[in-house]
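If you scroll down you'll find the structure; I have some questions about it.
Labels run A, B, C and D following the written order; every chain starts at residue 1.
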Amino acid sequence: MTTQVIVVNGGSSSGKSGITRCLKAVLPRTWISLGVDDLIEALPARLMHCDAGVVLGGNGEVRVGPDFRAAEAAWTVGIAAMARAGARVVIDDVFLHGRDSQERLRAALAGLDVLWVGVRCDPETAAGREIARGDRVIGMAAAQAEKVHKGVRYDVEVDTSHTGALECARAIAKHVV
Amino acid sequence: MTTQVIVVNGGSSSGKSGITRCLKAVLPRTWISLGVDDLIEALPARLMHCDAGVVLGGNGEVRVGPDFRAAEAAWTVGIAAMARAGARVVIDDVFLHGRDSQERLRAALAGLDVLWVGVRCDPETAAGREIARGDRVIGMAAAQAEKVHKGVRYDVEVDTSHTGALECARAIAKHVV
Amino acid sequence: MTTQVIVVNGGSSSGKSGITRCLKAVLPRTWISLGVDDLIEALPARLMHCDAGVVLGGNGEVRVGPDFRAAEAAWTVGIAAMARAGARVVIDDVFLHGRDSQERLRAALAGLDVLWVGVRCDPETAAGREIARGDRVIGMAAAQAEKVHKGVRYDVEVDTSHTGALECARAIAKHVV
Amino acid sequence: MTTQVIVVNGGSSSGKSGITRCLKAVLPRTWISLGVDDLIEALPARLMHCDAGVVLGGNGEVRVGPDFRAAEAAWTVGIAAMARAGARVVIDDVFLHGRDSQERLRAALAGLDVLWVGVRCDPETAAGREIARGDRVIGMAAAQAEKVHKGVRYDVEVDTSHTGALECARAIAKHVV
């Protein structure tokens, strides 16, 4: 079998985007990456401040409503179709509901050869990065650091607390067949 | 019939992105937008400087190679699948080969109700915007301004030379059913 | 006399940044640009959400507190010093208090040869651009469009409602000596 | 004495910007940050591709010409004036010529109480971050990692190879009086 999809799951500011860029650099073939940040960018701006879309709670909690969910479901169908049409795809995601999120995504990717990757980062380090980046809502990193991995099963896990994105990407790349 | 896809075609710096954001703001339902700039962002960075991917000529000309084309084909299949799964999608594109580009996209969107929108802008105005934006390769705006519309058939056309993005979006929105 | 400083004043989304980039492109010598957006970027992020710094009201109104004012005063002294040290400087500003803002800046620039430029844009067009840009607080454009010009005296005025940034920059450049 | 200026020197992708943002977050008073990236942004775009301005060599080497130097000199005079006018300033810099760069800056900051900070990062880690960031010229990180520290004397040094930006900022903050 050939890996068709790499799913990279981790909390906000855990280092997913950097790992994804490095993966595309170290993997010899052409990979397309799409993530939840791209979906948010693709949606109308008004959805980011309403109950039907996405609401950021004061403590870094993220709640998503029915309009976001509906868009996300169609978006995921589309990404799966890209992979079925022959593209190799990296999906950069935040499993807000841990295992349930994984099962939903697994169903959408049925029939595809998926490599499941967990990106861990200790909450304090992730919270520090959130401040260092300067363009993030403070609190999300700590709120998501552990929750997004609850009950999730991975083929490979990396920890960015003390390891750089490129090194993590190389470790993941060894599992891509 | 209900409009499922809006294709917005225009040259670099013609104002497509602004119109797309305004469309998402003025249309009452949730629309997802994806464009060629998103595809470029989704691909490995190395593809932007090689013959197999995308090469920018000195005079603002853009040439695309087989790896870019293959990725673009799968990408388009995915976007069509999003629309078939119930999402309303705005595709923001640059028809580098005019009519041929449109026919290729039309085939990928077969069975969907598509609104074809042309975004025109006189070459000098677009070239001025290119300088004003500060993050664009100089020359692309002028090189593409007319070429991308060659032989293309539209349901509605707007001209951003003297009309703002919001006003153009409102004119387009009247054709969305 | 030789123009040492160009002050470009206009409301949010009136097109100042684009004009400033075009000015730097069309003027034959090297100009440095610094604006209020750079100051905001230079300050601690926490100042953007507190009474001592900057508060954005629900209707697009901007109020600034003592910590912002103190930083701004020193910042302006620094920019004036750059010009006195031989740099040609474009200051991109928003005169929240119209004439009072201008007099404060005029005092800081004492002894320098300043070209005062007003960038006007009709409120509806500016509000449309605000939506088109996608990264702005909605309401600021309309709230500031006229207020920032109250009692201000200019050497040259441009209107971006129907004229591109490059053309405006060329009109301004004729007044630079 | 009270620290008036913090100079943060390190190679490209060593983590200076993140440390600077964290410094502004952890220091109780208001600090203004300005760096060489801001200067580059402030200059006309054409200076980034010409001998008189900045030229990027194929191997990540950066050469600066007379127009850049002249602008930089006036820019630095201005930043010093901000500090003399009462602002606390973080200068984020890349000492392309090591000790000579430091002496030039030291002269411009004469009379001010300056904390000199070195940000080290092993070349491989910095090169990995360069790929992870996705918007940098590849090669600069490795080319600058050690060179920028040659002969430079610091009050405090941090190493971001295995330590986060926030932790580094806290270590630096202890030296701010």
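What we mean here is this: a contact is a pair of C-beta atoms (placed from the backbone, for glycine too) under 8 Å apart; a residue touches a chain by one contact, two chains touch by 3 or more.
A quick note: this is a predicted structure, and the numbers were derived from the prediction, not measured.
Chain pair A-D has a twin interface among A-B, C-D or B-C; that twin, with over half of the contact pairs alike by residue number, is B-C.
At the interface between chain A and chain B, over half of the residue numbers involved are used by both copies, so each side presents largely the same positions. Distance from chain D peaks, on a Cα-centroid basis, for B.
Mean C-alpha position of chain B lies 39 Å from that of chain D. With centres defined as mean CA coordinates, chain D is found 27 Å away from chain C. In chain C, the residues that reach two or more other chains under the touch definition are 21, 25, 45, 134. Touching chain D in their complex are the following residues of chain A: 15, 17-19, 21-22, 25, 125, 127-129, 131-134, 162, 164-167. Taken together, the chain A residues at the contact with chain B in this complex read 21, 24-25, 27, 30-34, 38-39, 42-47, 67, 70-71, 73-75, 77-87.
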